[in-house]
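Which chain is which? They are A, B and C, in the order written, and residues in each are numbered from 1.
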Amino acid sequence: MTTDTPSTPLAPAGPLLARLRASLPGRILVRVLSAVVLLWAVATIVFFLQHLVPGDPALAILGGAAANPPPDAVAAVRAQYGFDQPLLVQYGHFLGGLLHGDLGDSYTMKEPVVAIIAEQIVPTLQLTAASLAIAWAIAIASTLLSAGRPGLLARIGSGLEVVLAALPDFWLGVVLLVVFAVTLRWLPVVDGGPAGLVLPALTLGVPLGGFLAQVTRDEFDAASRQPFVLSALSRGARLGDVRRRHILRHAALPGIALSGWGLGSLISGAVVVEVIFSRQGIGQVLVTAVTSQDLPLVIGVTFVVALVYVIANILTDIAAVAVDPRLRSSIGDAS
Amino acid sequence: MSALITAENLSVAFDGTEVVHDVSLSLRPGSCLGIVGESGSGKSVTARSLLGLNGERASVTATRLEAGVDLLRATPAELRSLRGRRIGYVLQDALVSLDPLRRVGAEIAEALRVHGTPRGEREGRVHELLAAAGVPEPELRARQLPSELSGGLRQRALIAAALALDPEVLIADEPTTALDVTVQTQILSLLEASLAEGRAIILISHDLAVVERLADEVLVMKDGRVVEQGPTSQVLSRPQDPYTRRLLAAVPSARSRGSRLSDVPPLELSARDRSALRSRPAADGPLLEVEDVSKRYRGPDGRERTVVRDVSFALEAGETLGIVGESGSGKSTTAQIALGLTEPSAGRALLDGQAWSGIPERLRRPRRRRISMVPQDPLGSFDPRWDVGRIIADAIPAEEAPAGEAPSPRGGRWGRLFRGAGSRGPSERVVELLEAVGLGEGYARRHPLSLSGGQRQRVAIARALATAPEILVLDEPVSALDVSIQAQVLDLLADLQKALGTAHLFISHDLGVVHHVSDRVLVMQDGQVVEQGTADDVFFRPRHPYTRELVDALPHPTLQETA
Amino acid sequence: MTALATPPTTTAPAEDRPRARRPRSASSLRSVSFWLAALVVALVLLAAIAPGLLAPQDPLEISLGESFDAPSLAHVFGTDQSGRDVYSRVVHGAGQSLAIGLGATAIGLLGAVVLGLLGGLGGRLVDASVTRVIEVLYAFPGILLALILIAVYGSSALTQMVAVGVATMPGYARMVRGQVLAVKSSLYVEAARSLGHSPARILRRTILPNAFRPLTVLVTLGVGQAIVWAAALGFLGMGVQPPTAEWGAMLNAGRTYIQQAWWMDFFPGITIVAFTLSLTVLGRHLQRSTDSGATR
């Protein structure tokens, strides 16, 4: 019967993009290409923003207008950094540098930006990874313990999640620091080995965990009401089995999709947390750079964070495909 | 012979509210018991209590409830070994009844797994089961996801999963709902074959015709009670209960043409209403002509698809032209073209003999009031901020909504806060329109969400009539409604057409409905008109093989003979 | 029978009842949280409008003899390094913090509405380019965009507000665009078109009101978010400069003395938590009540 034909994707025969999207490696290629375009746009924006700065960058390098450097020193710095060349030429140099992994030199630290970032990014990535793990642990524990259970338990669970999600990192960090490091002295006040990672990671992970738990719980509740649950039960499956094998998988989907965004928010939260706990990391670097208006460093950090963010989103996409096989076979369009 | 399933005085309550009252039934080996009822009649809840599947909130009482084990005293483990092994259960809507994230094969294997089939034997068994359920290429299908299968194949896979352990009893809850009529027959044949193998079946359906084809015995349920019970032929040909009789009379078909389906008295329009709403054809000749229209779309993969191909028809004043076809036949796109909402890729449409397609929207706009639509999903077609009065007032030409009538974002204290204090009542015209569709003035202040499906459809009809159109385009206007509500809406449409002389373009997948309402009929398949003619010619003397297939698929034997 | 038709609800034999609403079992608990949240928001608003009513003491008055006093009856939130009363400073800081939060939300929304409407209503080409712009802005996670702006323009209350506003914009813009597109393709807009209404009327009476309706909820939640971000910037020393009473600036001052005077950070912080949490609770209430009226 013609109307009863399967709805499998038909052999694609369209524009290049559509054909590429039809296969998984093709789709990843499209994602990577668009990420490159995105990063180019980000670089361009930050480059031109830099030239909107009121005042002379050469002065900033020489310690600001207040330092009142001699004019020939200013001219020398201008020539050294290429500020005397037309803007487009500078832009070309900037892009060329980017391609070689060169983000210029820091005004204040007089070191290559790439070297500074390379040194500082590792502790930040450790922090964000630990935070993300804590967040997921909270989300899954809270969902499995309280979601879909009638009565008070579910209400307490969801209320707690709202409160956790509303805790700002600058406050939670300070409270944790005062309680556990200053008063109880259980953990070091300032960064010190793995133990020093606990409080910062909790500060970042707990609010995100509250947020992810809300999303996961909503989806868990929605999935529990789907007929396929009844259908599985009618075959004789155990309820716990169905929760684990069927429902949790559905519930995890939106959380996974949001994890890329979550990682981004963790990195910007790291800015605050690294300051509170005097931790080394890219956040500290960024704060110092912003306060001293060290633009190459600000741009470098921003660019690298955007890069991490884009990569994280591609990874979440792949994780989502691993959990949701529908994405593997259907023609997905992200927009 | 002892019964496989026995229920005596079964009652089910949720949170203290009883929804099933004193139902008794028994299922003999090898027989088919049909349970018929409209939505909310408690038929699914009854079936689920036979498996202990009503959830924690349900309290089930009965003087006797047995299905091999005593269900009232069974332990969870006993219930689990009953489910799937002794009783297979098939739900409607296989798209959501199969886990969309798992392969079809894994779903079926789950039944085998929980009942202890060794891992190594499962795959082969899954393929056998799929093949037995009439799924072609079972090895391929087992590796696919539910979303990659058609509705018919999904339903077959679901049946295969229910039959995985060769249970003595199969409970099928609305197994054919939402399937195209030709696919419906295939699924019914599959169930028939299973019955012939000696399996007992409980078949639950809102559709009398489906039950009639399979069931030896039938139970008619209403409001959680059994109102009538007996051998199928007897119940359907000599119904004793008034509800059963109404239900049977409400089924539209060839036999019901020209007669009323519901026992609601005919609508009487006041002379004033009639003159205000009456359509005034502009000229002689057909109101709407569609000439060789085609519509092509480019899919997301870049392929071009033709959804409508060379369709032509003309709609004369005061007549009803039915368009019948299965899903994907292009009938809704045809309606969109008729309404001037979609531009045809080729061909043209004429309204009152003047161009209706291929012209700028600016020229179309003043003529739009001549042609109105009644959608399948009225709720979606209402602005969610508006109450019924505003929805209708918005459609009345040159009548802006009364100034004092604030847009009423309903709900909770916020809604009340925002609602204007000095809002006036609905205008006279709105009241006339509401009355014309059998709703009173009081409905003007209601929000569509607080209305039932039938009431919503009446509001949609009132809105469509607000412009005093010559043509109503009705796209599946009753397919979301229960049979008895469908009967009332169809009667209303007939009354209005008689009083106002409007022409109807009536689109439906339901042959019975189309035959009941239409003067002439168009049969569409894959975007093309395969047959057209008077309703009786097309349905009683079909020439095209596809029409014949459709008519043969109608499971209506006695219902038509008893006419 | 009169000339008018009888309403079928009185004679209708079959059950065609509206679906019953879900029982509101949790409503009492919800309303407790609702009224608590409303109280907190009302207090903060009062503090912003008339701080003198809640805290008669001068927030800038220095009393060196009383520096770093722990919370006591005289100073319920303690005092800071210059002996200023932290409670008065929290109350008097509400105005400026709220202004920054509201201002930032307004800036973010304004930009987002322009972008979102352009994307949702413009042609395919406009939409494609607007989508790219939004996507690029969205690639700067969290307050990073704000930090860039502050790096360029230096820190001040105005940059802080603009920076937070710009940082929130991409999120709003995605939402507005999506909403406009969803409403535009809805059945009720199609119904309005089929009635022959002009595009201007459909835009004015149907598309815009429906597209903007979820924004009321969003704004409630968004103001809280903006205040948190502004406070984070203030905490890092990139906003209002001390000794002005403003929550972010107070957090920044307290950071230095965190080991000896925890109350300097704790109380402004918990005020922000209570306020944003209350806005979230109110926002969710609003969402539920609009959702129940807008499910399609």
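Following the convention adopted for this analysis, contacts are C-beta pairs under 8 Å (C-beta built on N, C-alpha and C of every residue); 3 or more make two chains touch, one makes a residue touch a chain.
Per UniProt, the chains are A = ABC transporter permease; B = ABC transporter ATP-binding protein; C = Peptide ABC transporter permease.
Values in this document were obtained by computation on a predicted structure and should not be read as measured data.
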Hop across touching chains from subunit A and tell me the fewest hops that reach subunit C.
1
Going by average Cα coordinates, which chain is farthest removed from subunit B?
A
CA centroids of subunit A and subunit C: separation to the nearest Å works out as 22
Whole-Å gap separating subunit A and subunit B, where each centre is the average of the chain's CA atoms
47
Would you kindly tell me how far, in whole Å, the mean C-alpha position of subunit C lies from that of subunit B?
43
Show which residues of subunit A lie in contact with subunit B when the two form their complex.
1-10, 12-15, 18-19, 21-22, 150, 226-228, 230-238, 241, 245-246, 249-250, 323-326, 329-331, 333
In the complex, subunit C touches subunit A at residues 26, 29, 33, 131-132, 135-136, 139-144, 147-155, 224, 228, 231-232, 235-238, 251, 254-255, 258-259, 262, 265-266, 269-270, 272-273, 276-277, 280-281, 284
List the residues on subunit B that touch subunit A in their complex, please.
48, 51, 53, 56-57, 80-85, 88-89, 91, 93, 96-103, 107, 110-111, 114-115, 144-145, 147-153, 158, 161-162, 164, 180, 182-183, 186, 298-303, 326-329, 525-526
Over in the complex, which subunit A residues touch subunit C? Could you list them?
38-39, 41-42, 45-46, 49-50, 52-54, 155, 159, 162-163, 165-171, 174-175, 177-178, 182, 189, 261, 263-265, 267-269, 271-272, 275-276, 286-287, 289-291, 293-295, 298-299, 302, 305-306, 309-310, 335
Which residues of subunit B touch subunit C in the complex?
15, 38, 40, 222-223, 243, 246, 262-265, 267-271, 339-341, 361, 364-369, 371-373, 375, 377, 379-385, 394-395, 407, 409-415, 435-436, 438-440, 447, 449-455, 463, 467, 481-482, 484-485, 488
